[in-house]
Amino acid sequence: MRRPALAGRIAFGAGLAGGGMSLASCIGVLAGGSTVVLTLPSGVRLFAWGVRLDPLSALFGLALGVLAVAVSIYSWGYTRDSEIQSRVGLLGFFYNLLLLSLTLVFTASNVFFFLLVWEVMSLSAYCLVSFEHEKQETRKAGTMFLIMSHGGTGALLIAFLLLSTAAGSMNFADFHLLMERLPADQTSIILLLFLLGFGVKAGVIPLHLWLPAAHPVAPSNISALMSGIVIKAGIYGLARVLFDFSGAPALWVGMLVLGAGVVCGLMGVLYALMEHDLKRLLAYHSIENIGIILIGFGAALMFRSLGRANLAALALIAGLYHTLNHAIFKSLLFLGAGSVLKGAGTRNMEELGGLIRRMPATALYFLTGATAISGLPPLNGFISEWLTYQALLAGFGTTQSLTRLMFPLAGAMLALTAALAAACFVKAFGITFLALPRSEAAATAKEGNWFMKTGMALPALVCLGLGIGAGWFVRVFDPITEQALGVKVSVQLAAGSGLALSAGAGRGGMVSPSGLAAMLVILCALPAVLLAVLRRGAPCRVGPSWDCGLPGLTAENEYTATAFSKPLRMIFATLYRPRREIQAEYEVSPYYPKAIRFESEIEQSFEKRLYGPLKERVLAAAGRVRAVQAGSIHAYLAYIFVALILLLLFGARA
Amino acid sequence: MILILLLLVPLAAGLASYAAGRRRAMEAIHLTGFAVVFVLAFLLSGRVLAGGPVTIYDSFLYADALSALVILLTAAVSLLCSVYAIGFLRVEEQDGALGVEDGGAGARTKLRLYYTLTPLFVFSMLLIGLANNLGVMWAAMEATTLASVFLVALYGKGTSLEAAWKYAIIGGVGLSMALFGTVLVYYSGRALGGSDTLAGLNWSYLAIHASRLDPKTMRLAFILALLGYGTKAGLAPMHTWKPDAYGEAPVPAAAILSTATLNCALYALVRFYILTSRSVGPELPGGLLILLGMLSMGISVPFVLIQKNYRRLLAYHTIDHAGIMATAAGIGGKLGALALMLHMTFHTVAKALLFLCAGNVSQHFRTDLFRRIGGGVIRVMPLTGTVFLMAILAIIGMPPFSLFQSEFLIVQAGISSGHYLASVLFVVFGTGVFAGALLHVGGLVLGPRTGAPAADWRPWQGAPVLLLAVTLVVIGLWLPGPLFELIRAAARVVAGE
Amino acid sequence: MPLIQDPEFGNRIVTLMAAMVLVLQILMAAQRWLVTNIRIFGIQSFLLAMIAGTIAVFNNAPHLFAAAFLTLAVKALLVPVLLEKLVAKIEIQQEIAPYVNVPLSVVICGGLTLVGYIVAESFYAYEPNTGAAGLGHNTLAVAVSLFLIGFFVMINRRKALTQVLALLSLENGLFLAAVSLTYGMPLIVELGVFFDVLVAVLVLGILVYHIRETFESMDVSKMRRLRG
Amino acid sequence: MREATAVLIHLFLLLVVSPLVTGFMRWAKARLQTRQGPGILQPYWDLFKLFQKGMVIPETASWLFRATPYVVFATAVAAGLMVPMVSTFVPLSMAGGILAVVYLLGLGRFFLALGGLDTGSSFGGLGSSREMTISALAEPAMMLAAFTVAIGANSTNLSEVARAAVGETWRFLAPSQVLASAAMFVVLLAETGRIPVDNPATHLELTMIHEAMLLEYSGPYLALIEWGAWVKQLLLMTLLINSFFPYGMQTGWSWAGTATGLALVLLKLTALSCCIVLVETTNAKMRLFRVPELLAASFTLGALALASTFLF
């Protein structure tokens, strides 16, 4: 507290070290395919504290490790010379608590310990989200987050305890394929509860309400962790339950997950398009990407139900790969947004612009993240989407029933989602970083310091690496698929000695990210060199953009974020139910308005039509119940009297 | 000897305070008395843990692990509240909150009343724990009401009188039912030898011969005792006096009421539960306990959600937790009993802490309404604000705090014994209360600063808060071995091993 | 065999007196003069003391004499006197506007008596009609009815003092159950109970006084500021 | 040697023939509208002239503006190298199939849209916004059509697709193929900026889509982008042709076969161009907000195509 510099160094140094260790141990496990089991001394006596690092845990630990390293370095710089600096010790405490609890969530080996660290994770995330609690928005978001998260935990509690009662044990190790042995209806209930509980944490629509509220209000380095890895805890839970505890579930489970994924992806990106708060936009994209992950999971479940283990492995790899990818590029994007926020003082895109000149490094890294999240080759987002498509494509042949139409339709929706995401990131990057600054703050923005740049460079490099090196990297998934499905598919997946990915033997469909990258470099370089050589000394001058003959191009002439997304707002008006308001002030004639005020707003349908009425109903009902305690002692005595007579009669009859 | 001293010390402290009448002297007596009581309770726990039940005077007083735990908790809370009360009442007197008429004479009378009645109140609670005879236990329970009525009415305002009246009348009716139940237990034991003597109502005697008690009578007896002691514990629909009494009593008294008194009432219920389940089987008493428990949890949800007054919020919270503990008792079995005892311990720590925090806030802002304060307590009173938020998170079942463990255990017990509906409702109601409490207390504690920072560190009020806060954190992560053993032993008593 | 040693005779007398106690209780529910109520309560308590004495004589339970004496002293004499003094002090005589009017109250009391018998029935079915059980059966029904009617009166009346009185009469039901079912409780318990009753009356009396001072009314239904 | 020849032919088609196709379409359109019109070879002269000229870079633009032409050109050519033209041999078959083609084109579009925004003028933003919207809406239809052909071939690899298509003589008559090709045709119109979606000839501010993004480009940069667009058009057309009407495609290697294949491809391209020109002259450009209806129709066709593979 008193010495912020020291506090920051300790806090983020610890985060860095922890992240590094996590990375090392996870890589060890994934490389060796072994499982590390450890029982910690438990202080609460009744319950064991145990950790188990198996391949699935290690994958998530890997993502966490990368993020912890990058974000810790970034935070070091980010918290300097900011309002947070005076409270950096507290921030560091919760930051490290969050990292610790996340690590333990991914590795907890029994029900009690899992739920304990799960809630600690939520709690530390709550404290971090509410860190700047002076703002009403922040408090509201934090509260909503914790309440929804707790509700989800309730569902998990019941589900886990039903499982543990059936297993007669609290240990995850005893839950392996447990659900295959339970009656079908019980399995259904348990699975639904799990989907509900983990769905809240992952931000699956319609349980997502907290996500776009809570992620943006946290300090940006925390937002990076929240969107990057905290929501992945939900995905981890789903993966653990669906591919470890559950055997081959009923077909409808896969269909449900797949459907949820499609809806989630599409709705997420559609809402993101309408945002011009940079961080909220990114938060909605998290929902979208969770959807893409779920498409992979859903397909894997369906394949499993249909008895196609190899395909299931492919789909599972697609989902998990995307999980990892999203963790990395989303945190990269949030870190970039943090730099923008720190440099220009606002997250509102309508006040930004032209930052590419003032903050070149941030712009480059943000562009990398934007390209990756849009699923464009040769970065990592493309790989996981490609794998997802391949899985969906192959799904068509797995069954003869009408169900198979789900796969290509899901594929088409995925394509739409990805294309809309690209549109959205053209907007996000273009409006924020390109052309002219729209405000004084943006015009005088400052580039982040060296730590922040390093913190962003790291995930950007990983994005590239996971893209180009996909053929080598898929091997990492072997122990996971072997544990979950009993097959190893990396040999079929990796072609051309790791230079390319194949969709599996017998099915064509190959892609070589490294080849694509090389080709793009060559094809860009060739004309560039040719032009440079052939046109040496040719005139090239800098002039003003076409301003329609008006005196000079100013920031007011620029397209705004709102304008950019207008076509889509009109096209999807059914979903958005936009409301707009135009006020014009006239001075001389009605043809020459002096000033025009334009306001456009879309309806937050889930808030207005689902949660709003729900909240109102509950509160109204509570208000009516309040009449019970109206102050009349006679009424109070009457309650007891009635209870007495009823119970006496019951006791006499029974 | 410990048993006698345990009863004599608070009794003497009360009388001595009355006799002394001067503030300094009363404070000293108060503090010393409770310190001694705590030490004695500590020793008693040690004795019970080491050598099993302790009895005296032909088993007139009897302390097994269950009693020892309840007494230990009572003594601990009383000690901390007595420390707090010294600071609290001094400020109240200075601020004129106790009345300024007659040059402060009214305030001094009230101080004297407080320092006299509180030890008597605690005395009667200790007697509940120590009495072997169910009738004596009943009388002691009645005495707690009588001793605390004037504590509730201490401020002498219209609302305090209203609260005191409701407390006294509802409590009186409730305890009449409990007495009826006690009479019926005595009646059901008529077939046993020695029923004419004092021993016929001794718990230690009845527990041994419980299987021979007349089941028909025991069933009615349990229903009446459940309603009676349930009133005292604040189970719905007999809970209505609670928010009024807790909201109006001076904070330290309210803290004792909502922790120690609740424990004592539950203790009495559990004693009846044990006898009844041995006589007629655990289904009926267990089912009724779960029914009332669920009702209590359910009724507290709407009131927590739309609460305007934070002290009443805490009261509804106590109703919720009374329901939780009743449910745990009703689920029963080894797990349920253990969960009950753990929860009782943890709840005592957290709830006492909450009341003390609420007292600090209430004393600084001079209002109990959320709306008037508006928020930002953490900026005005950093320690109180932080601890308040922490404690509310703890009590709504957030780990790493301890109540998470006991609630987890309750649901586990519920599901493994097939009480699916109860378990699901438990979770649903828990979430509702969670939402309301977080919403309101979060709004109260967080936010921009609304006024000048409060007077700096007040040792008398700060120390107990800090101590309880540390305890709360520590027992969430590390439960001391002997305490855990005591809890386990108490749970064994409840589970009837 | 002299009458004094015939338990059958004792049972008859006790049952008769119990029935009178019940009638008094219903009377209390039906009429509204405060002082009359206090006196009815006094008579009721006196009858209870007699019942205790009778049982002590016929069933050879000498410690019940103590209970009888205590009842006589505390409930039949001390409490009525105290309450009457209080009434004189606060100058209120009549209960106005109960929630349920008199005829309906009486009907409800009848219903509650029925409940009392249903509850007592469950004991009766259990044990053959032996002497003590027969006594228990009838008097238990009366006791439960007393209890319930007292409770009902508490709900039905607005005045603080009537509530106190009703609470006491409700406890009379308890006492009846205690003496007739079990020939009284152990002495120490009895003493405790009586001490509590005495203190309760004092405490409630003081409260009533304060309420009267603060609210200038004894109508507890007006105390409705604490809500929600 | 053979492969080198094949690659050379491929590159020849991509880079050299693509302007010709555009020239032919312009010429044919002019003829249909009874105009004289420019000569068929006009695109070559345009390119030649543009590469000679000097450049004006907007002062608001950043390095991204300069990088965009290269990326657009490179992605188009790279995608072109994965599409079979004359034979089922595809130069970069291993680098990716239809998904890679779609996503590479997406990458080019991404940068083009950013380049449009980078100028700071409203036109650039307007063009970017509309282009991204329409292409996003075209994507699911495109993907469904791609799925239909890929399912037939059990592969997303385009050489496999073509091989499978060649294998069955009358396959193009299957309902699924007819419907899918119709869907693909609509997508083709949308992706290449043809009437009724966009008018490649217009420079009217309010109706521009693709052209609006290029407004600030001049000289060699404009040349590269235009060229890239033509390459993209050609590759999409061949994709349509070779997926659904692959007659005459070579599966092996022979000089004669290659010659026939080349001739046939040119013939089919001419035919397809004529179709496009017909559509363009007989239709008016749609309002921007009617375009989704067209694309929805295309999507439905694609879905029906899939359903019919199920039915037949």
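Order of writing sets the chain letters: A, B, C and D. Residues in each chain are counted from 1.
Operating definition for what follows: contacts are C-beta pairs under 8 Å (C-beta built on N, C-alpha and C of every residue); 3 or more make two chains touch, one makes a residue touch a chain.
The structure displayed is predicted, hence computed values, not measured ones.
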Dominant interface by pair count is A-D
Computed over C-alpha atoms, the centroid farthest from that of chain A is that of chain C
Centroid check, CA-based, most central chain -> A
Per the C-alpha centroid definition, the whole-Å distance linking chain A and chain B comes out as 45
Rounded to the nearest Å, the gap between Cα centres of chain B and chain D is 78
Rounded to the nearest Å, the gap separating the Cα centres of chain A and chain C is 70
Between the Cα centroids of chain A and chain D the separation in whole angstrom comes to 34
Note: chain B residues in touch with at least two other chains are 162, 165-166, 169, 173, 220, 243, 303, 306
For chain C, residue numbers touching 2 or more other chains are 119, 122, 151, 154, 220, 223-226, 228
Among line, ring, star, complete and other, the chain touch graph is other
Per the touch criterion, the pairs are A-B, A-C, A-D, B-C
In their shared complex, chain B is touched by residues of chain C numbered 119, 122-123, 126, 136, 147, 151, 154, 160, 163, 167, 170-171, 173-174, 177-178, 181-183, 185-189, 192-193, 195-196, 199-200, 203-204, 207, 210-211, 214-215, 220, 223-226, 228
Within the complex, chain A is touched by chain C residues 99, 112, 115, 118-119, 121-122, 144, 148, 151-152, 154-156, 158, 220-221, 223-228
Per the touch rule above, chain A residues touching chain B in the complex are 43-47, 112, 115-117, 119-120, 123, 130, 133-134, 136, 139, 142-143, 146-147, 150-151, 154-155, 157-158, 161-162, 164-165, 618-619, 621-623, 625-626, 628-629, 631, 633, 635-637, 639-640, 642-644, 647-648, 650-652, 654
Chain A residues touching chain C in their complex are 626, 629-634, 637-638, 640-641, 644-645, 648-649, 651-653
In the complex, chain B touches chain C at residues 133, 135-136, 138-139, 142-143, 146, 149-150, 153, 156, 158-159, 161-166, 168-169, 172-173, 176, 179-180, 183-184, 186-187, 190, 195-198, 200-201, 214, 216-217, 220, 243-244, 247-248, 303, 306-309, 312
